[in-house]
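You will see subunit A twice below: alongside subunit B first, and alongside subunit C after that.
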Partner chain A sequence: MTGPLRVERRLDTPKWLKLAVPLVSILLAAIIVGILLAATGHNPFSTYHQMYSASVTADGALTATFVYATPMLFTGLCAAFAFRMRTWNIGGEGQLYMGAVGASATGLVLGDWPRPLLIIAMVLGGAFAGMLWATIPALLRAYLRTNEILTSLMLNYVAGFFMYYLIYDSSSYWRDLTTPGASVFPTGKTLVANAAWPGITIGTFTLPMGFILGVGLAVGLLVLIRSTRYGFEMRVMGDSPQAANYSGIRTKRKIVSVMAISGGIAGIAGSSQIGDFGHVLDPRGLEQAQYGYTGIVVAALALYNPLAVVLVSLLIGGLTNAGFALEGPSFPTGLVGTMEGIILFTVLGGEILARYRIGLRHRAVAPAAVGTGASS
Partner chain B sequence: MTDSVLDAGGGQAAPAAGPTPASSPSANGPGAVPGALAVKAIDMTKRFPGVVANDHVSFEAAEGEVHALLGENGAGKTTLCNLLMGLYRPDEGRLFISGRAVRFHSPRDAQDAGIFMVHQHLRLVESMTVAENVVLGWSKPRRLRFSPRTVEKAVAEAADRFQMPVDPSARIWQLSLGERQRVEILKALYRGAKILILDEPTTVLTPQETEQLFSSVRDMAAAGRTVIFISHKLPEVLAVADRVTILRQGRSITTVPTAGTDADHLAGLMVGREVSLEATAKLAEEPGPVVLELEGVSARGDLGTEALKDVTLSVCSGEILGIAGVAGNGQRELAEVITGLRATTEGKITIGGTRLSVGDPRAAIDLGIAYVPEDRMGTGISPNLSIADNLMLKSYRGKTMRSGPVLSGRKANANAREMIKRFDVRAPGPRTLIRQLSGGNIQKVLLARELSSEPRVLVAASPTRGLDVGATQYVRRVLAETAQRGVAVLMVSEDLDEILELSDRVAVFYNGRVVGILPAAGANRQQIGLMMAGAA
Partner chain C sequence: MNSNIVLAVFVSAIAFGTPLVLAGLGELLAERSGVLNLGVEGMMLMGAVSAFCVSQKMHGSTAVVLLLAVLASMVAGAAMALIHAFLSITIRVNQIVSGLAITIFAGLIGLSSYLGQVWNIGGVAGHHQFNGIDLFGLQNLPIVGPLIFNQDAFVYASWVLVIAVFYYLYRTRPGLYLRAVGENPSAADAMGINVTAYRYAHTLVGGALAGLGGAYFTLALAPIWTDGLTAGDGWIAIALVIFAFWRPDLLVLGAYLFGVFSALGPTLQTRGITVLPSEFYSALPFLMTVIALAAASTSWANRRVGTPASLGIPYTREEG
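Let's turn to the complex of A and B:
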């Protein structure tokens, strides 16, 4: 009838399963990817070793992993926070761009400030810009009932074009017009050395300041959600907007403030791109990285839990890093993408497994009829 | 064969089945045909964390029998059905269908065995036609091509055969709730239902539709099908069932034939003590000063049309004002306007002399207006939050639930434990999710929250709708006590008896207007009925 499999909904998920499922999922992904690698003529074991080395053990590999993980941590938190209240802020990408614009402006304008103040100003500058950008879809959603998925998504493109305009199509404050080549190869102004964020260096490994900031933010968000009135209101809103309205929660303001905070977090991702890594507004680099969109995947894999976002961002950061290291003439980009896709697929699939009980189908009616032999 | 099945599945094995001999169902009701046992459940047990929802429940129903499962909310009726339907797996117990031992793993298994259920909340796709809904997800016979015309013809034939008049090409959203329910039943019959479970089927029906349903149920039984009828309404059970199995606190108490019993007896069995179905005594006292006052209030409905027109009324401290009227004549809008959930277009509302700001629920709460909304699950509570969280839905802003700047889970739990005890909520603990509670217990949580805020005004909209005998009496008693403590109570109800029993005065609504306000003592039902119909 419906095939040999049967699927039943679990009433409650046992604790051991919550741990076992992600581990088994990753193992399963490794097996499937291994088969794929073998089929395309690569030795799975040496490839895995290469990936591990490229993301953890090789010279500078772990640092690179954190470089990828840091922006994903912020954009992951951005999505996870808003999604908790079922406010679908898909605009992390654009809010990150605007954050980068804001932070680089702050860094350029306040270049002669003392270093600690300058850095704090850059963080806030990026957060503020991201916040403002997120407020647009938030206000539209709260007061005109537009769909925030569409508006926040479309504003990503607007922010992208705005960033390109600043560097390529105008003589804006951000653009470097001092060198003679600047009109042929447009670039942004490089920030003063003081505006570079300090990292913690242990041997060859450097932990970016942005990552530490992100972990602190994750802890803060968890406390906010779990044990404050603000977080309680978010939980009620996420579960039942009517009940929220009934209980006196200012639902419209709530939507705007949650979206603004979410956008501010993505804005700090932009700050970190400027302060930690780039030190210059680089539209092309930011756009190609697509950290805003990856953040949505990170949030989903972390089940919107801020602390889990920290771990997942490292996992995806490592994968991205390893992927770039593997790419080459004998290892096409498509294969790297396929591998990453399989891993995400199994992990998300595993979550469904944890919520349902799946097994082989038994016959519905047991063949032994108990009553038949009794008195005939 | 049938005889042997009957013997093997006889009543001796079921200790709780009471004095009913399984071999004589025919004597019990007008439509019962002597037949084999269609369903036999022995010692069905289902435990949930903290609760035994079904504790060795046994019952049996013959072919051609209408068998009622009667019990209060939380007595285990729904759990038992979910066990029969394969939605849950029993921890203990055995189930026989037509004499064969079965073990279901999914609803599909149960359907293959001929068991179908019509849920209280119908499960139809509103944008699809009747015919499409009937065949949806049903792959017998298996065909690749889906031809709407063939399907409609087949469904029309089935509707004819089962005497379920319904237009197969109509879309679900065009149908009344009664017609939709008929589609659900037709769907089950079309798929070969031998045993049909109806879960509280009359909740959404008008009296006429209920009559029609009962006659269909009798027809189905006469055709040899078994109908399991779940209800907590005694008159219905007496009207339609051959036998009744009474469930109380997860146990099957006894099974009795409906012939030779009466409502009082059944109510006693159901609640576990002597109950009188008579009115809650209300102490006549002089009402205090006016607390809630509406002057010339108008408001728009959801569709933008004027739903409240120039309403002027007042409620005194210690008084219950009953709002009577046929549903949809502005009662819901009235409740929402007073509680700030709906903006007024004209007029003013004052609470103890203070004017209520327009459309601001928080201002209404702060002025001491408590609200038990009609839409309990959708508005009154947050279903996926715990009892403790729901109890502080209106008090979390204050200092009582905090330690320093953060909310205190310990204080919330302590508060919840106290409320659970004081309002007799049946729940495993303060962290239980609200949606896991029965309707009566949800209403108790709601009342607990609203009354613990020491309100000046209580607006209660259809506070007993869908509740069983015990819970209804409880809620009515709480409302009467609340008024006696000096709260101004405004109660909306479609049940005129309830209004006359509880209220001091009655305001009759028709078409958004107050047609008249009269004292409840000595009120003429005939006259109120005419006013409700807009004829007086």
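Let's turn to the complex of A and C:
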């Protein structure tokens, strides 16, 4: 009586299917979104064309796409790394905020340091702050078995309000109190020019330093997961916590360290927001961007593979960029999240399709259906 | 004066707690069947935006419009739940990921925001609202008057629902079957209970109640639509189910306790009492949720915990 569909696990997935399924999934998502656009009075073809232009071909479009992709690369890695062990760190959003708080403090305090050292200190400052913030749900999860999904998520809100308090409601170190009008329009202190991270500029295109750092991190994480004892233990814990326990893996420490690393990565997203782009702690901007939550989308679409996160962050970064560039009556912001959701549904569904064989349930699978009434 | 503040906090605690009661009951039913629904926040927002659209665009008597608005919110919530049910029950996508996908799809920068813009309902006040009813003419009684006898129909409906869910779970056969499905689906299946049907039904009802909880924001709390107006209540509702140990009676107490945390800041602020920064009061419900979750997972609490044993695990019948 499991409904009219029969789902069986495939013993091995054919190669062509592994490749075809994500492509078909994204195509299907594009069709569904097209129907939604048409139903709400937009021409899907011209909308898609505009989006492509706004995220790839227009003046400065590609640079902007990388601006959005960079934080998503980090938050995507943050989620992918923790999710791989089925440790559900949903706290990337708050860890990013705390990372931004930490990195801007570091940049402000150490402003007279030589540039390379200052930049390294900012990366580490953000990573450390994100790490600390992630340690709270991690310790609760490891030692009390408290649901880390909810605690890490709740702490996102707490971190958000903390950031607002620093800039809007206190005379904190982060807040600029010197400029005229500072009490009416509160802003954070702007970092010294030396604290701005250098990007690589080729013609009109600029590759942010954060993105390069993120790609390096993705490769590092891939190696860590695939070819080290640490990663092996992570995979065992993800696939079977009981087996991990019996085999002597210190599961509690593992949970704490994986969540801490994950939080540290999200913290670097905050560092990059300060160093690469903002140069000032801007609570409202960080909160509206929702990079932490988008990282979950990126990780899920990448099926938790760090290298795939790099590609997917560009895809979702481009989508977000197009969303902001086209924002207006014909392209409301809500469309971006809607599209992300639909892509998620089709890719998640498609991934199952690749792993399982789905067929119609036949009436004649007799014994199991005995006594269960109309099973088909 | 002091007792006035306390009373004011409690009165608005009921208002702030009502969406938590409704969405929490929905989540409780879904989780009792073994389905973890992390899409509550998105479902609430869809309920809120749909209900508000009806209350603004429909013409007719207030009672009819409000009824239709309530129905619209439940349909919207259930529609989101149907996606979650299909993904997590039928094709067995990881329930955590599927639920998060729903919240991203429908949430702050998703479909609810898109519909709000397409329907053009932002920034304009709604025409029809639930107002306090003078129940049995007792609203002027001291203390209990404003607390119990002067609520709106939504609040009274939520109280009836709590009793109904309690009765359903512990005193009816389908309720017993539901608990069996959540605790041991293969045994329930062997008994001839349709596990899939139970899971679908309770996930859908859960979504409808989440939608209803969202509708409370736009139909009763404030007649206005803004993107993401539930501001995390969906998540608190999920947490409530855990530290209410999956029991409707404890859930309603927890919801009003969190109503108090939410009501504290606004009530003190309107009276000009600013001891602590407003951000502290805003963060309070979330901080308290973390503390409550931690407390509920201590060994003392674990002995009496009622986590449905199959929560989050898709059911596969072992077949030949």
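Details
Just so we're on the same page, the second predicted complex is superposed on the first by the 317 of 376 C-alpha atoms of A that agree within 3 Å, B and C clash if a C-alpha of one lies under 4 Å from a C-alpha of the other, contacts with A are read in each partner's own complex, and residues count from 1 in each chain.
In this section, contacts are C-beta pairs under 8 Å (C-beta built on N, C-alpha and C of every residue); 3 or more make two chains touch, one makes a residue touch a chain.
Just so you know, these numbers come straight off a predicted model, no measurement behind them.
In the superposition on chain A, A:I202 makes contact with neither subunit B nor subunit C.
Of the two partner chains, subunit C is the only one touched by A:F161; subunit B is not.
With both structures placed on the common chain, the touch criterion links A:S247 to subunit B but leaves subunit C unconnected. Of the two partner chains placed by the overlay, neither subunit B nor subunit C lies in contact with A:V184.
Touch criterion met: A:V236 reaches subunit B, while subunit C stays clear of it. Counting the residues of subunit A that each partner touches, subunit B and subunit C differ, and the larger count belongs to C. Of the two partner chains placed by the overlay, only subunit C lies in contact with A:L144; subunit B stays clear of it. When the two complexes are superposed on chain A, the residues of subunit A that touch both subunit B and subunit C are 1-2, 7, 365, 368, 371-373. Subunit B contributes residues 1, 3-5, 7-9, 48-49, 88, 94, 96-97, 99-106, 108-110, 112-113, 139, 339, 341, 361-362, 364-366, 371, 373, 375, 378-385, 389, 392-394, 396-397, 402, 405-407, 409 to its touches with subunit A in the complex. Subunit A contributes residues 1-3, 5, 7, 40, 88, 90, 136-137, 140, 144-147, 149-151, 153-155, 157-158, 161-162, 164-165, 169-170, 290, 293-294, 296-297, 300, 329, 332-338, 340-342, 344-345, 348-349, 351-353, 356, 358, 365, 367-368, 371-373 to its touches with subunit C in the complex. Of all the residues in subunit A, the ones that touch subunit B in their complex are 1-2, 6-8, 11-12, 223, 227-229, 231-232, 235-236, 239-240, 242-250, 361-362, 364-366, 368-376.
Contacts from subunit C toward subunit A in the complex involve residues 38, 83, 87, 90-94, 96-98, 100-102, 104-118, 189, 192, 194-197, 227, 232, 235-236, 238-239, 242, 277-280, 282-283, 286-287, 289-290, 293-294, 296-298, 315-317, 319-320.
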